[in-house]
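Here the chain labels run A, B, C, D and E in written order, and each chain numbers its own residues starting at 1.
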Amino acid sequence: MKTILRTQNLRKVYKLGSLLHRIQIDALDSVNLSVQSDEPVIISLVGESGSGKTTLAKVILRLVEPTSGTAMVHDLPVAGEGANPDKEVFFRTVQPIFQNPFEAFSSHRTVDAYLESTALRVNRLDRRQAIHAIEEALASVGLHYGDVRGKYPNQFSGGELQRVSIARALIPRPAIIIADEPVSMVDASLRMNIINLFLQLKQEYRTSFLYITHDLATAYYISDYIAVMYRGNIVEFGDARSILTAPQHPYTQLLLASIPDKSRKWRREPMRLSDIETKEYRFTGCKFRNRCPLAMDICATQRPPAVHTPDGREVYCHALTEVTPVR
Amino acid sequence: MNSILRLKRDWFSLFLPSRGTQRRGLKLNLRLRLGLAILAVLVVASFTLPFFSDVDPMQQGTYAKNLPPSWEHLLGTNSQGQDIFWFLVFAMRNSLLLGVAVSFCVTVIATLVGLSAGYIGGWYERVVMLLTDSFIIIPVFPILIVLGALFRGRASFWLVGMILVIFGWAWGARTVRSMALSIREREFINMARFSGANTMQIILWEVFPYVYAYMVVGFINAILYAINTEAALAVIGLSNLEVPTLGSIIFWALNYNAMFIGQYTWIVAPVIATVLLFLGLFLTSTGYNELYAAKRGHS
Amino acid sequence: GLSPAGAAGGQEQSDQQGTLTDVGTPRHETLVVQTFDRKSANPDQMNPLMQYAHWRGFRELGWGFLWETDTGTGESYPELAADMPEVLNPEHTRFRIKLKEGIYWSDGVEFTTDDIIYTLDTYFNEREKLTNANVNRIVNYIKSYQAIDRYTFEVETVNPSYDLHTVMGVYTWGSAFIPVPKHIFEKQPDVSQFRNTYPVTLGPYVVKEFDPNGFWQLWERREDWERSAWGWMGEPKPKYVLYKDFGPEETRVLAFVQNQYDVDTFMSPDSIKAAQERNPYITTFSDKMPYHNMDDACSYGVLMNQHKPPLDKAEVRWALALSLDLKEVGINALSGEFKASPLPMVDTRILRPIYFEPLIPWLQEFTLPDGYKPFDPNFAADLVARLAESGVPAEELPQGEEAISEAFGIGWWKYDPAEAERLLNSVGITKNADGVYTLPDGSVWELELVIPGDWNKVMQRVGFSIADSWRKAGIQVNARQVDNAEFSKVQNTNALLTTILNWTNCIFTPNYLNSWHSISLENLKAADATEPIVGNQYRWNNATVDALIKESKAMDQSDPKFRENGRAILQEFVKDMAYINIMNIPTTIPTNEYYWTNFPKQDNYYAVPYTWWSSFKEIVVNIEPTGRR
Amino acid sequence: MIKLRDLVATYTTVRGQVHAVDHIDLEIPHGIILGVAGESGCGKTTLMKVIYGDIGYPLSLTSGTVEYGFEDEEGEPVTTKTIRKHWFRRISYIPQGSMSSLNPVVRIRHQFVDFLPSNTNKAVVLEQIRDYVRRLDLPPEALDAYPHQLSGGMRQRIMVAMATFFQPDIILADEPTTALDVVVQKGILMLLMELQEEMQNTIIFVSHDMGVHYQITHKMLIMYAAKVVEFGDTDELFAAPLHPYTRLLIESLPTIGDPHLRQGIEGRPPSLWEELRGCRFAPRCPLATELCRNSEPELREVQPGRFVACHYAGDETLALGAGQILADTFSIASETPHLSED
Amino acid sequence: MKLAQYIAARLGVYVVVLFMGITITFFLPRLMPSDPIENYIAQLQNQAGQTLSEAEVMQLRATLAELYGLEGSLFTQYINHLKRIFLTFDFGPSFASFPRPVSEFIWVALPWTLGLLTTTTFIAWSLGNFIGLLAGFFHNNRLATALEVVGVLIYPIPYYILALVFILVLAYIFPVFPLSTTIRPGPLTWSKIQMIATNSALPALTLITAGFGWNILSMKSLAYATKEEPYVTFARLKGVPPRKIMISYVFRNALLPQVTALALSIGMIFNGALLTEILFSYPGLGLLMRTAVGSGDYNMLYGTITMSIMAVATAALVIDLLYPLFDPRIRYK
């Protein structure tokens, strides 16, 4: 079996603030994930804003050096000690789709330059083949090469740009694409096209995805695995459909309850939203405890251990420990 | 903040009557055109006119001393019996040559050092920045005075230029580096990396465009720096006084008290020439910046 | 508060007192003088045993000397001494000196032999620590000394001496021996650490205030000025004398026009003209061309390193002289306000009758080996004609041969590039296709001309004009101006450089030895030796001169033979063209007679007009207040 | 009633001009939440800018005005020309990507009040703001923080607080919850709804997420390629979308628990730079006919309060057939292939 | 990283920079073509008007070499030099004014330079930034534009000419300020401060006029760029009055790079101050330095250059250390 993705005790600490206001944030706090499969898989990463999803993606993309721990993608160690993959191999294994498409292109270059560069340098195609590859990739995200060519990023709408960004990642046909909210700027119908595209790529090109999103419906729709993050911790991880239909962690439950559903309207009830994030990051024990309906004393002091449920997921919650003893 | 020094807004609207969107293109052209026109006149004049001069403007006693401006001597003659106009033409040429040459080297070095330090980072950056900081912090002038004393007169014109380059690049390098530092953190750099670009290519295609506008301004500034520093060295007598430059005109005009003996053209002409040159460079650079910004679809 | 006018140089208006100076003294009681050396680096150092703020009036107003020089005649006269030294032995090594009685230090203590002996003792005992180089000179000059009584002492010199009065007394611009007050100095634990700020003086003035930054110093007349070293000369008129630096020439012109000061030094002719146009009280030394005093001891000239080929050939040196268009240089640099001198000596009223006039016939007949007569006796007349042509009013130009010669000199070398080319061709230096001279090996002859950069504007101009002149003749000249510091070294070693615009050849009295004593064969160094060869920077190798100088050293300077020898040496200089002398240094010293009048002028010549020589003593005694406030 | 009168908004670029809002003529009743949906680049943000009266190079209003349905102090009706004076007091705007719209070097509390005239008593207002913020369940410390110290969700909530504090008549919110997680999103939406109910003002709300629209809006405006294609009550619109694009939009998204394959809309929206003829959706519309391709449908009121720009809207027979065709397009056939079946 | 660590690191850089500067300044003057001993001898001869005999000169030379500490190899001299500076802040005696220590001269000159520099820098910087801000923010306003034009036109005029024009206008035609600096010694009273102020006015004016041009240009472009940031747009949409947008949005954000620029440009400003001092006979470090070069006074040169390097480096350090206080966003690794 191939290791599609594995992280071991991955930790990333950010320090920020001014001389007077000094803050430390564990954007990743001992993240342990492991997905092994011979088939390509789509792993969704969901969770609250600022919970470290992008950070995890960046560690995998080797853009951020982890404070400690290791990460491995497609049997390729990419982060932590001893991880020093060959550039070319790495780029053909992992490709990103960045979160904010406006930031992902230099405003001084035409966007097609990136497509070309990828085709020429990563794929090592000649110019004619490159154009062909670009055309194909753009077509698969619903764009024409002619409309993209020679235009600067600010001449596109966010959605258009996002699609260009996806097209670029497709060109090298990587083993895994790290897609950081690839559809957040895209309208509903297009969103489906892109999601279906991912599925298609998974089947046709055997591309795995790490799909970071806030859109749980699409996560349900395409993913095999799902990981739910909260404040730098994984709180629940396992088979996507079972987690999304029967969440066990209180945060996952809250998440699911918050989906704007088209079938029934929300009940008007007071919501408990998070506090200032840096405050919560500094919590010891369970970081969700001040919003958790099940919070207990132990939650304030002790970090919840992984609970392995019978259907093969991991849930990090003291409340479950009481019910299901650790196996 | 990752500000690009975009000198783009213009005070030139002052001279323009109409408002509205159409105006923009027109104005932009006018600004660029005006700048280019000034530069063209100065450059063409100072590089072609010397071929029409039948005497060496540096030679003393060619004409009667202290003549007022006339058709024969457009700006009159000075106390050394030289024609001020022709002297100025040669001086402009030499100063421009020096300015552009120095500025070119300064800008290239500053950009290379700054970009590489900012982008590559690590030890390389630390060492380079230490060097840069030292060059910035050491006040140039005392050293120029020492070096001037060392090479006095023997300093060929180009040696002065070299000295100016050696002590001129650091400032720009530091600015470029800080810009590169902030650009390094931006997402499109990662995008470029995953598009297979190598360090050189990233520096060139991703980072450079962001500092480019600044470098144009820096380039212009360095031209001025070179011309003015040479002039300052000349004024305290440390540059080569036998090559006509804007500085050596000023030196001799001051030496003969042009201001007090009524030889105003002698002293005012080089100053006006310097100001015009700067104006031309300034208008051109800002005009070009606007054009460039418009091309990228910014306002 | 400060009124605007008050801010403008402190010319504060007050009904009773009149204008005040910047330092708060009444302007009409203060003589204000531009300092000679601009800023003093060491303003609170006033100890004459050390290096000190020399140019701040100490030599003129503060100290007293045994003998002084009359700048009008070049004769020495006793100041502290009662008489000229009495020679005690035929070998001229032992002397007795009597002091005047009744001279007092400014603190009321009487000046006696004790002070002399104490000063000499200190010179001898502390010579290692004292940085005034004259200490060495005295210590090497004097063998022994002793007090005879309160007002008498004797000295014995190492060698026969005919110049005791100019070594222990003033030679033109200073004295190697400056008596210090024993009662003050003996109390000092270490005289070399003693600053002597606000010194006790022998002269009629004391330091009242000085700028710690070195820009100015104010002197106040002693109440008992009559008991001072030269009280006998008469009452010094200004109650205060202020030495001040008014900045670069631009600001000096403005300050001068605003009547902020009375006497300038070395202002360039065009600045003077500009100032005169704006203020009628500003006058030059003479109202006739060349307007300025030409009696400085030094001249400008071009020093050549005769060790360096091709300058080792007299033909080449003559070629340089003949391709120097001095009229052009003088007009460009000095508006023609100069006095040319073909001999390596200044053509002053003291030296002209002794050395110049007797040599005129010889000069006129002098021929180069190829038969060419280089002397141009019409130089001055031609110059006058050119000046008249360029618009100088006729009444300001001298009339008649004699007056012209007195004003502009006896003549100079012809400007004859053609002869110069012949001379150069004769030693294998020929022009190439570009009209530039090349050496016999075919390379371009590059001549370096060093010009002192800090001295004054006029000298810079002269230097660059000379270069221009040579360049027109086809010589590739690289002119460069250098700082004082470097220039001193260049001047004293003359090893690396080929030609220098120079001012060192200084002779004020008929005693030429002071300038030429080192032109000896023993003093010659290797061609590229870099140590100073003081006195023979020409690196001139001439046995005749060597012999003449050795002979003159053992002679009384008033001996006619001594002067005869001088003329012979001058002839040798000319024959070899050992030094291209150009002109007397034009001492362009304008005065402003708004507050003070009766400064030395051409038609009122009681002293040279300088404020940094003995002449200043005469000036302060002779000037009169105008009564303006 | 906010009246949009034949609005045409144009961008000027070096390439030429583009109408990003093209002849929009609508009346929006007061006191509702209006949802605006449509694909990216169809001109939603531009419409918001026009409504807000933020018109300046490169955007210009080629034709039309907006009447806001309220008067200024002098009793003159406020229009696009005069709306600026009422910014953030009678109309407020939460721009797209507003998380980066806070001044990074100034504390939040100052940014709350800096648009007030200088003669207002800031201390008093600040006290009120503190109360308000507390009432909105936001931590009051947030007011004393610098923007970078707050999470995106927090900043977005601050923006909402800022935009609603002065109880403006109209609030424009351009994708205020994109990029936020659903929990925070729900919080913000509930907040908006609550505030709207309380203040009875008009909120115009742009979002891509049809679920969000379903949850909070009273009326919906669907745009396609700079045009309005459908406008009507949200519930009715969701129950029976009349324009094929609306229908596709609503149906295209998956829901949790429904593993069936879904398809997006084929093709891509037309480029606004090109010459456009006929119905702009026609190239992608499974029902398009010759008529659609050649003549542009008017926005017409097919039922009271329902406006649709489709030649065939309201045509019952066609609608039935269309239903079938559309159902086919979605090809609700198989489940999505899933790995963890074993 | 903790505050202390940050400061320590910054101090480390400071020391290294100083060290390099001092090293450069030690070796550079050694290249000077004048030899202090020969200079001194030559000076004596010029003063005394009498030439010394060869023997006298040799003796003098030996004495001076010992006194000046010019014995030993260049390297030993260098080590001694470093030791002296870092351990005792001693630059040795001045050669031109032997045996007075150089530091004495420096302490006299330093306050003048520092006083002139800090005031003029501050004023030029504020004025330039203010005008630049106006010009960048109200880029359509004619007054702001006119001010900017003034900046653009004044900026390239050489110092010397500016100085002369000021002298001519303000000391001659309208004699408001003195032509040359005259400051009388005495305790620091109010009237002395006034005296210093009037005497420094012209050099200060020159420095300010010559110095604010660049600030105008750079601030203008910064302000213009900042104007496009989303938070400025939002402020405009909030209806914040333009003046306030200019101050608390555009200026506050554009200020930070300008502060860094200020730290960096102190060396440049110092150059200007040096020229100005020479021109106005202003008793600061610049004049001291120029005289030192003129008289071949090594130690004085070391002292003045080292001092200026220290002053400039320290100023830059201070600004750098203060910088985080200005910028709430700063993050350092």
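Everything below uses one rule, namely that a contact is a pair of C-beta atoms (placed from the backbone, for glycine too) under 8 Å apart; a residue touches a chain by one contact, two chains touch by 3 or more.
This one's a predicted model, so the numbers in the text were calculated from it and none came from an experiment.
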item	value
Set of chains whose contacts include both chain C and chain B	E
Maximum centroid distance from chain C, chain identifier (CA atoms)	D
Inter-chain centre distance, chain B versus chain E - centres from mean C-alpha coordinates, in Å	22
Chain C and chain D, separation of their C-alpha mean positions in angstrom	93
Chain centre separation in whole Å, for chain E relative to chain A (CA means)	54
Two or more partner chains touched - positions in chain B	149, 254, 259, 297-299
Touching two or more other chains - residue numbers and ranges from chain D	13, 146, 148
Touching two or more other chains - residue numbers and ranges from chain C	250, 482-483, 485-486
Chain D - residues contacting chain A, complex	13, 37-42, 137, 139, 141-142, 145-146, 148-154, 157, 178-187, 189-190, 193-194, 208-212, 214-215, 238, 248-250, 252-257, 259, 261-265, 267-268, 271, 336-340
Residues of chain C touching chain E in the complex	1-2, 4-5, 7-10, 22-24, 38-39, 41-42, 45, 50-51, 54, 128, 131-134, 136-137, 140, 167, 171-174, 176, 192, 209-216, 244-248, 250-251, 254-255, 257-258, 260, 454, 482-486, 488-489, 491-493, 506, 514-515, 517-518, 523, 532, 534-535
Chain E-touching residues of chain D, taken from the complex the two chains share	52, 54, 84-89, 92-93, 95, 97-98, 100-106, 110, 114-115, 146, 148, 162
Residue numbers on chain A that touch chain D, as the complex places them	16-17, 21, 23, 37, 39, 41, 46-51, 99, 142-144, 147, 155-160, 162, 181, 184-196, 199, 203, 214-218, 220-222, 224-225, 239-241, 244-245, 254-256, 258-263, 265-266, 268, 270-278
In the complex with chain C, residue positions of chain E that touch it	32-35, 38-39, 41-57, 59-60, 63, 94, 96-100, 105, 108-109, 112, 164, 167-168, 171-172, 174-185, 194-195, 198, 279-281, 283, 287, 291, 293-297
